[in-house]
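Okay, handing you the structure first.
Per-chain numbering from 1; labels A, B, C and D assigned in written order.
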């Protein structure tokens, strides 16, 4: 079988993505992880398991094959959440980066089993509707291939509401925490940061008014389209 | 048509204003923007769209003409919120700087559709009464010139309560977030920082006592006058 | 009249006290102030009015005479809260430093008009019982010598409950915020930091249990005596 | 009696553990303390009493004999909480490090007298079930050997629920705050950081849903076993 070469810019991007999780206060101790893939070479790079973020170097990232998870490069064990990442990459070809955190505000909604309502434009800029929460895993799923089943329940959650993963780049896994993704690892981190921000705002919003109304559909669409798709006019048009 | 020269001290002030938003934790990713104007030359300087704050240099700021928004200098696209800024500058000659953020605590009140009550002297030092929240935009307004209509609804909100924009330098736009302003960009940022602080205090105040009483009118006036107008005796008299 | 010399170690301590307020996140913009006195020379040093903390130098501190507030040294205007400080120093000879902030958590209790209950040992280590909140000032007091009346209402609050200012080194002024003090400016800042911490804990405690019970009297006394008075056995005995 | 030599790596680890408490924002002023023991030499190293964390040097740590608390090395007074630490080390041979803080979120639960429910996997990764809260100490216990009785009530709390201290490395002491521990001082700090994180998440969870359900038993066990015991597959297998 031919050797898979890990693109050096992917290694750099995934390393930066992991470091940004720590800098943004989304991860504590060694919780969480970021990964990225190069579809051309079929390689996935992910954080090694249990390594504190301030000790992480680009060379520690673990490379596996995207189609079967076989180790390609690296001396360390990959994140134990690798099967979750693989399931999502394999199901959704448009995804190039995935992030998992236990960030405080988003995890609270996951623990309460409540979707995060789309209360404002900050939310609409990143997520086209309420951020869904998965069902709880069954005992069989937990006792079986737990991390793979976590990937399956994320996919099930998106499909149950017919959601496009690039318009809804986040799911809260019940009793666990958020997974986010995007076209690349940088975008996945952006979405993890945005999710934590909207979770914090939504917590205060429902405390101030338990019956707060979601954003109007027209405004949700307007803000989402400002940033995404053909009519986007936010930013410098570099993406 | 004569060339408009952008005053270099304005460029410096607006750049610093944008950086202070990030340093104060009021903005995340590339959310938000600060602008400033020079009334003598009729120029408005604003943050370019979608640029992260730590990459922003003074030279990236975009200059437009105050009377019609025409590009005067700069290689980048201006913030998509430019029409909101223009509407406010054109309506209120006393305003020299405007800030827009999605800061967590103030945005929560905007999302809940509740004005922020004037509960204490911190509030009174900056805002002469409850900080108002706009009505929601109509679908026609959202689907039309959305950013311009956002400016119009801010003006409508101030005028409905007969508020002087220099005594009430903030409006919460419903389902969106706060806009603040002041005589210059520095003051606009000060007001954005103060607004976030009073929003955080007010959230805790209404949680501790849902029927908390606003500050007495006499105290509101006293604190406002300590800092503003002819009888001001706070500070070193430099402004 | 003889010249009053400002002790240089007092200048250094008061400057450090003001800087610590900013470093501890208790003050925003130019809110708040710290002062200290030297009883031997009868001098009071206080922050100048309206100066941002990161621009403050020791030489900017304003020196006034403790018995009448007359300017002794300094080129700047003293904090507008000077009359509050003077009233407290003149009434309580044991006080050597005073701090005023608008710190978020403590101010929320002041705005809600609720004393902060003594829920735990963190509280007891610094404050011998619930931290009291003053009555609201009358319109006459507000329209008259407002800052002096603020000092009077703090004293009235302590005396109404027969509190020793060194056992209860904090009062919340209603609709305003906390004042703290201590034997010197360093201790006054310590108490301001401790007050913000216990206010944050108490907010969460009453949210978790609206009927939470205060600490047992015996434990309140035990912890207070661990740190204060003849039987103190906390620390290195340096004070 | 033979001289006890303090292992230099223990001194370094305990010093780092104390500094990490400050860096992680778990301690304010001189609150809190970390200790560690070397079972072979029978020595316990602990923070000196009342020393601010940024002034702490490795040489200031106080060494005492593990079996009787007699001073072995050091010029300073040990933390006043030393008897609590001694009681736990003597009762549980598997413990190598202990941490005490007054961290805001965990202390709020201790003050409310509520155990922290196991709402999610972050919790399960560190604590095998709800983190228990002790009963209140009696007046006799408070007036007697208070710090020793604090150790006894922690042990009583663990034993009442038949908890293994290495599976439940934390107890909230009512009206006081959290104690955490682990195989060494580093692990004890990790658990203090994790406890503060889960306390913050749980506060938001019960605010969002007062009837939120704890994590399923199977998931609690799965996550705990991912990190602990023979079947552990999280991390690099270095521990």
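The rule we apply is simple: a residue touches a chain if its C-beta (ideal position, glycine included) is under 8 Å from a C-beta of that chain, and two chains touch if they have at least 3 such contacts.
These figures come from a predicted structure and were not determined experimentally.
*Asks:* Which chain has its C-alpha centroid at the greatest distance from the C-alpha centroid of chain A?
*Replies:* The most distant chain relative to chain A turns out to be C.
*Asks:* Would the interface of chain B with chain C count as same or different, where same needs over half of all numbers used to appear in both copies?
*Replies:* Mostly different residues.
*Asks:* How many degrees of rotation carry the C-alpha atoms of chain A onto those of chain D, rounded to the nearest 5?
*Replies:* Angle of the fitting rotation, chain A to chain D: 90 degrees.
*Asks:* Between chain A and chain B, what's the gap in Å when you average each chain's C-alpha atoms?
*Replies:* For chain A versus chain B, the centre distance works out to 33 Å.
*Asks:* Taking each chain's centre as its mean C-alpha position, how far apart are chain A and chain C in Å?
*Replies:* The separation of the two C-alpha centroids amounts to 46 Å.
*Asks:* What are the residue numbers in chain A that touch two or more other chains?
*Replies:* Correct list: 207.
*Asks:* List the residues on chain C that touch chain B in their complex, please.
*Replies:* For chain C paired with chain B, touching residues are 28-31, 48-51, 76-77, 80, 102, 104-105, 107-114, 136-137, 139, 142-143, 146, 175-177, 203, 206-207.
*Asks:* Using the touch definition from the top, list the residues of chain B that touch chain C in their complex.
*Replies:* Touch residues, chain B against chain C: 119-122, 125, 190, 193-194, 197, 200-202, 204-205, 207-209, 212-213, 215-216, 218-219, 222, 226, 233-237.
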